[in-house]
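In the two assemblies presented below, chain A is common to both, partnered first by chain B and then by chain C.
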Partner chain A sequence: MPCKYKTIRLAIIVWMTLVLLGAFSFGGVWLNIPKLAMLEHTARNLYFHVPMWFTMMALTALSAIHAIQCLRTNNPVSDIRSRIAALIAVIFGILGLTTGSVWAHYTWYEGTNIWWNFDPKQSMAAVQVLIYCAYFALRSALDDPRKRARISAVYNIFAFVTVPFLLYVLPRQLESLHPGAEGNPAFSEITDPIMRVIFYPAVLGFIGVGWLLYTQRVRLARAVMTLQNIEEDEHLQTKT
Partner chain B sequence: MMASRKSSSWTNGAIAVLRKDLQLELRNKSVLGMLLIFVLNTMFLILVTAGRGDLEPRTEAALLWIVILFTAALGLGRAFLSEKEQKTGLFLRIHAQATMVYAGKLCYSFLTILCANAVSACIFLLLLGVEVALPSLFILTLLLGTLGLAGATTLLAAIIARTTRSGILLPVLLFPLLVPLLLAAVESTYFSFVGQSFTEGGWAASSGSLLIITSFSGVVITASVLLFDYVWQD
Partner chain C sequence: MITLLIQAAGSIETVMLDNDKLMVVLAVVLIIWIGITMFIYATDRKIDRLESSVKTLLSEKNPPVDQS
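Right, the complex of A and B next:
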């Protein structure tokens, strides 16, 4: 098993290196992206900004699935998986917000000093990050590990069922500069085929990086839990 | 025959939980009184700071719903904390099924917050001098919004009753979850302020928002019914 894990890890690292090389290949014969007014080379941010959001979606779904599993089986490992997936999702969410904000500053709001202009999709994504911050606030207010696992799993699922409203229903109703919003062409209509050569591998690569971080943190948290259990057992034995 | 008796006993249980809460509330009117004073205070704060007649209709709608949201967070957070304080939680757990308790508490939350909202809406419209072009749309928005608010808050109130530091936690958990509801409710309220007639900018324009509020309430209440058992049982 560990050998297989290391192989997958190496594969993801090599894959992401190739994606990064492709994303920053300037003036080559292949992979030259069309230069559009205003967008110029910033269009390359598509390879980073959008996959980060996809990774966050995947991780929040994973977090909710493990929360359901935790309620069904009362397994502490499911609680760890749910918590770590939410944590990595928040990190990717913050990265997605940052890359989006910088991208917007140099394209949509070029010439102004605006970094944040409450584009609906941007605001809703920020709210989703806040929801997961609230999840960690709730965890910190529960002391008993079993109770913490169950109650926070309930909140996790409850938050997850309201997220589609935030990300898919509302932004499509409101005016937004993002593709696919009211009156804007969808992503599939405006993206050049040559960009997809990098974009789709980048999506896979970022999900792979998310998976690496997630599994690594889960292994660490499980090790910590095992050590704590051993310590408690020793403590009990010395008492009796 | 068995099924009908079973369902009627379930309804009786839910009504009993609701009646118990309402009776306790009416016997000790301090919470209702405090909610009323809170609403009045907030309204006067808005009035003296924002001034009369200077606000855009959209800002008015947003202010109204923010007041409603804070009133709900203050008033509904107590729905399950009171069981903890009076140490009656165990008694309820023995005598009523979890879904009965949830249904009773949901109705109780809905009624409490409806009273508070009706009061705050009346004061708001009177003091700020807002003219409602389509009162029926305004009332429907208020009713549906209250349902969504009560649906989301009841489960979260049960959650915070299980925590140790519950004072500030409810707004932290509640507000980001309610953003979709709040946006749609403000939109719909705005159209009820400025809409001319049934088709022009009134009902037709706010149908999408009303649909969002309704579906949000449905999703939230369904999820709460499914999840409530895990919060309620020890």
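Right, the complex of A and C next:
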């Protein structure tokens, strides 16, 4: 393991720890967040729920970049990188959906029994996650590794193109309770400036955590690929 | 000394119970975060070991060709 990786890993972990401490800071002079009706302390979810989506978007972009790279060079490592980035993106997407659902249940739907209400933002985000799940369904349907790499790379690029529409454009056209939708002010208008001090570092920190998980999985997948190649070579040698 | 310790524990108690017990959530989140961090490190070590064994396997399979 290169020394550079160890430094980056430590930096991400320390950074995230500071973000967590900052996210709960209270009672001091600095970083006091305003206490709003309905939101109250749950406003702090901004530091956790929203970065899930930023991390997902960053990882889908990474996945699409490696998909393009895979089509250009036919390099199996690009295929691995593209696949793993999509996998971690799906995980962060599912975390974003569940945290959003819990948050909404105790704020918008307080006093009701609603956990999922097909709010446009919610539905579109779920569709987005499903589009990436379909990527893995497509992969599992193809046996030839080179064909699988090329076809799934093409699908991946199409999937990435839908991201801005499903997560930004469409929910803003429809009536939704989610901030940033029709009839609702966006993040920049309703968020107290002091929250940005933690919010932006939280976004960076979670992207860092996503990158750590991605790097681990890529190394694992590469080791598995090398082992498979050795096995295939042995198989060929015993045949001849 | 013991009275000092009891006083320190008492002040932790007030911090934890203050502000609608918000600091209890912080304590829980930090414990989870430390656990996840340790898991990330352990996984990295495992991958390191796997990679080095794959490397030795590869060098056994294809010994480096003598260029001369």
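One rule holds for everything that comes next: the second predicted complex is superposed on the first by the 236 of 240 C-alpha atoms of A that agree within 3 Å, B and C clash if a C-alpha of one lies under 4 Å from a C-alpha of the other, contacts with A are read in each partner's own complex, and residues count from 1 in each chain.
Note that a residue touches a chain if its C-beta (ideal position, glycine included) is under 8 Å from a C-beta of that chain, and two chains touch if they have at least 3 such contacts.
Note that the structure is predicted; figures quoted are calculated from it, not measured.
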Using the superposition on chain A, tell me whether chain B and chain C clash or fit.
fit
Output check: A:118 vs chain B and chain C. Expected answer is one of first, second, both, neither. What do you get?
neither
Regarding the shared-chain residue A:212, is it in contact with chain B (first), chain C (second), both, or neither?
second
When the two structures are overlaid on chain A, which partner does A:17 contact: first (chain B), second (chain C), both, or neither?
second
Just to be sure I read the superposition right, which of the two partners does A:41 touch: chain B = first, chain C = second, or both, or neither?
second
Touched partner set for A:138, first chain B, second chain C, both or neither:
first
Partner contacting more residues of chain A (chain B vs chain C):
B
First (chain B), second (chain C), both or neither touched by A:130
first
After superposition on the shared chain, which partner residues are touched by A:159: those of chain B (first), chain C (second), both, or neither?
first
Would you sort A:220 into first (chain B), second (chain C), both or neither based on which partner it touches?
second
Figure out whether A:169 sits in contact with chain B (first) or chain C (second), or with both, or with neither.
first
For the overlay built on chain A, what is the smallest gap between any CA atom of chain B and any CA atom of chain C, in Å?
31
Where on chain A do the contacts from chain B and from chain C line up?
none
Flag every residue of chain A that touches chain C in the complex, lowest number first.
1, 9, 13, 16-17, 20-21, 24, 26-27, 41, 212-213, 216, 219-220, 223, 226-227, 230, 233
Residue positions on chain C within touch of chain A in the complex are 18-20, 22-23, 25-26, 29-30, 33, 37, 40, 43-44, 47-48, 50-51, 54, 57-58, 61
In their shared complex, at which residues does chain A touch chain B?
71, 124, 127-128, 130-131, 134, 137-138, 141-143, 147, 150-151, 153-155, 157-159, 161-162, 165-166, 169-170, 173-174
Give the list of chain B residues in touch with chain A in this complex.
152, 155-156, 159, 162-166, 169, 172-173, 176-177, 179-180, 183-184, 208-209, 212, 215-216, 219-220, 223-224, 227, 230-231
